[in-house]
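Quick one: structure below, then a few questions.
Chain naming follows the written order as A, B and C, and within any one chain the residues start at number 1.
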Amino acid sequence: MTDSPWTRKDLLGIADLSAEEIEHVLDTAESFREVSDRPIKKVPTLRGRTVVNLFFEASTRTRSSFEIAEKRLSADSINFAAKSSGLLKGESLVDTALNLQAMAPDLIVIRHGHPGVPHMLARRVEAGVINAGDGAHEHPTQALLDALTIRQHKKRFEGLKVSIVGDIEHSRVVRSNVLLLGKLGAEVTVAGPRTLMPVDMESYGVRVVHSIEEAVRGADVVMMLRVQLERGARMAFPSTREYFRLFGLTRERLKAAKRDVIIMHPGPMNRGVEIASDVAEGRYSVILEQVANGVAIRMAVLYLLSGVHQEIG
Amino acid sequence: MTDSPWTRKDLLGIADLSAEEIEHVLDTAESFREVSDRPIKKVPTLRGRTVVNLFFEASTRTRSSFEIAEKRLSADSINFAAKSSGLLKGESLVDTALNLQAMAPDLIVIRHGHPGVPHMLARRVEAGVINAGDGAHEHPTQALLDALTIRQHKKRFEGLKVSIVGDIEHSRVVRSNVLLLGKLGAEVTVAGPRTLMPVDMESYGVRVVHSIEEAVRGADVVMMLRVQLERGARMAFPSTREYFRLFGLTRERLKAAKRDVIIMHPGPMNRGVEIASDVAEGRYSVILEQVANGVAIRMAVLYLLSGVHQEIG
Amino acid sequence: MTDSPWTRKDLLGIADLSAEEIEHVLDTAESFREVSDRPIKKVPTLRGRTVVNLFFEASTRTRSSFEIAEKRLSADSINFAAKSSGLLKGESLVDTALNLQAMAPDLIVIRHGHPGVPHMLARRVEAGVINAGDGAHEHPTQALLDALTIRQHKKRFEGLKVSIVGDIEHSRVVRSNVLLLGKLGAEVTVAGPRTLMPVDMESYGVRVVHSIEEAVRGADVVMMLRVQLERGARMAFPSTREYFRLFGLTRERLKAAKRDVIIMHPGPMNRGVEIASDVAEGRYSVILEQVANGVAIRMAVLYLLSGVHQEIG
């Protein structure tokens, strides 16, 4: 990790990153993967560093992955949940940012419902800022952990056929994944009901189809998306049963994919809605590897950003 | 602690344990008791280990006891509260278990409203699982801390007269206590209003009576239970005043007990409902020793389970 | 820090402290300030000590400042939030105190809505107790961090003209500040609408005025208070616009102050209500220094109280 091409203070989105930077994060994460396999799952790398986890939206899954990553790096974590947060009530986001800065954290992990909030924060604080999801805009660590999982199985991205299927419109992860896979040379297909497909998807350089059969045919990777029932996806189709009939990933449908296809899902899954239970737990599924890789990617990102910070400060 | 008879991955209930295993947990806890009396209340035993506290029901008392035990052992604690938990929303408990497993925790402490959930979790994860209460089924660390407190005062269990008095039906702790005391040879009497007494209590090998006077007479240990007003116990008697008149432990009633009786209560107490305030703070009360022993028992259990895990992993 | 005049177990209020003790806390905090400027912001001072943060009212700002201070001192923090706290439900505050004591924490930081609760707690537990705000009564660490900020800029308190302006009635910080500044010899003026001014303010030995112009004139320090819209201050004036017109701190109004005036605010600010945005971020503002000093003061207080505890225990 000596000749790092990483010179950024923040990780705000995949849009900013070069293919080389992406590969460097993946390499770094690979070297952290084995820490979680040790009996003593801890390295002193970030000892004495303070990481603020600032979550304006509930997200136990992502927050806990970051928190475990922070603890495995020996950092001190401070958690702010939006609901209980007097810090955030009655003051502008700028004041929240300035206040956090005054307490001198080293890194801030932020989840917010509105696109661009992490970018605003990054401009106002010296601390490194990690975007843990800003609405449907970017969620870079999710795309990186997906990429790490793909690379472990496929060894390459160039020419790889990756199909992303489901509730494209409400997904927090599609945009970052499409950007990342495009930068690394994969051929991305996006599929979903018309009512859940943003009109401008073609502009991202992806193939857009409206049947899961077409998306799965010849695919190396099938990435299923959670139907965001809680964000209004419910209005877009007659019933979850109907959704499963039209867009659910079944063993039958999977037969059209490459023989060594891998199945991914960012979680939490709606079994029997976007994915059949036996497919979710089947031999092609790498869904739990994604979770494990999530901790490794977050360790890598925390490490890389704090390294830069260390040289500056 | 070298010749440990402890070979279990999980602590799910007292039902599983032999008398020898129970005594071994108590002995181990005894050796941890003095850590909490030191100026520096910390040992490096679980340094680098990750403990997930997964509470589907609010329980600050038990959770904080575990969390203090974890910190005194130098473990890293990750807290999940049910309410705020995106991890747990919209996915099956199995997926929650598998996801947790993928993050490679060493131990999981779980509290859940339904009997058997910790057992299901334990079958799905490699991590050691500690049942911190599954409905009214088992709450083994509570029974163990009660046993430690009794042993410190009475030195033996064989032939000891222990009476458990109050809201038997809604209690989280009765079943584990009855099982444990039976295994160690104590003579258990259970007393409470008929409306708060499960019909099958005799099948546990205990004496069932319906007056507190009868329960207290000649008792070595009187264990008072919290009237679970919030779980519907309110319907079972006319008023809390009436309950106190019939089943409240008073100084007067205590006179019929052995001269060196000890008074226990798992907390939180309803003073003036199941126990008079002067009895709760009086010379026979060991209620606060129970709290202190709770930390020691949890340290012992965390230590024993992680030891097994260490040898396997 | 060898010849400490600090012999107290608790920090309950400024009312108890001598000028010498106050200056000693400020000196100690000064020596901790630089820890937050290091790349490794951590000292082993409180390693192995347990600090319970017991917040009966939400207060992310104060809680996080304490939590960061605790982590920079290597203490173990246990957080109790009031809402989710089974520990606190259905039992008296006395039982909560006794239970906490039984878990043997070294220090307890308490925020409660009612005056005197920290004092009651301090009488019942061996642990050192820090009052983090008991209603509108005392909030000593806030007054101390304000004093540290003033001393850094003005080098003295004797004869210093300090004006406190705004919602005096609902403020959590006025009383401690008035007491502290009086003990150190400053001349305090208090200003605010009559509807937000307690009738007995003169009894504190302060000058009471009812125009911001009069308060600002010749002031060395202007301390603006948050209009506590959420605590009913809203009823006391026609509109926030009207409040700003009458009592908002503007650049124009600031011209009447000393040329080297400093502007303070305990946060969170209502920009455009009690303070103009350009004043809040302007050259006289020391508001963010207050936040940074907050961490240093809390480190100092935690250190001083634990030191006493160490000698006793």
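A few notes on this one:
The criterion applied here is as follows: a contact is a pair of C-beta atoms (placed from the backbone, for glycine too) under 8 Å apart; a residue touches a chain by one contact, two chains touch by 3 or more.
Quick caveat: nothing in here was measured; it's all calculated off a predicted structure.
For the pair chain A and chain C, the CA-based superposition corresponds to a rotation of 120 degrees in steps of 5. Although chain B and chain C carry the same sequence, what matters here is overlap: shared residue numbers make up under half of all numbers found at their interface. A straight line joining the Cα centres of chain B and chain C is 40 Å long.
Under the contact definition stated at the top, not a single residue of chain C touches 2 or more other chains. By the touch criterion given at the top, residues 47-50, 76, 78, 80, 84-92, 95, 98-99, 101-106, 310, 313 of chain C touch chain B in their complex. Interface residues of chain C facing chain A in the complex, by the touch rule stated above, are 36-42, 58-61, 64-65, 67-68, 71-72, 81, 83, 226, 229-230, 267-271, 288-289, 291-292, 294-295.
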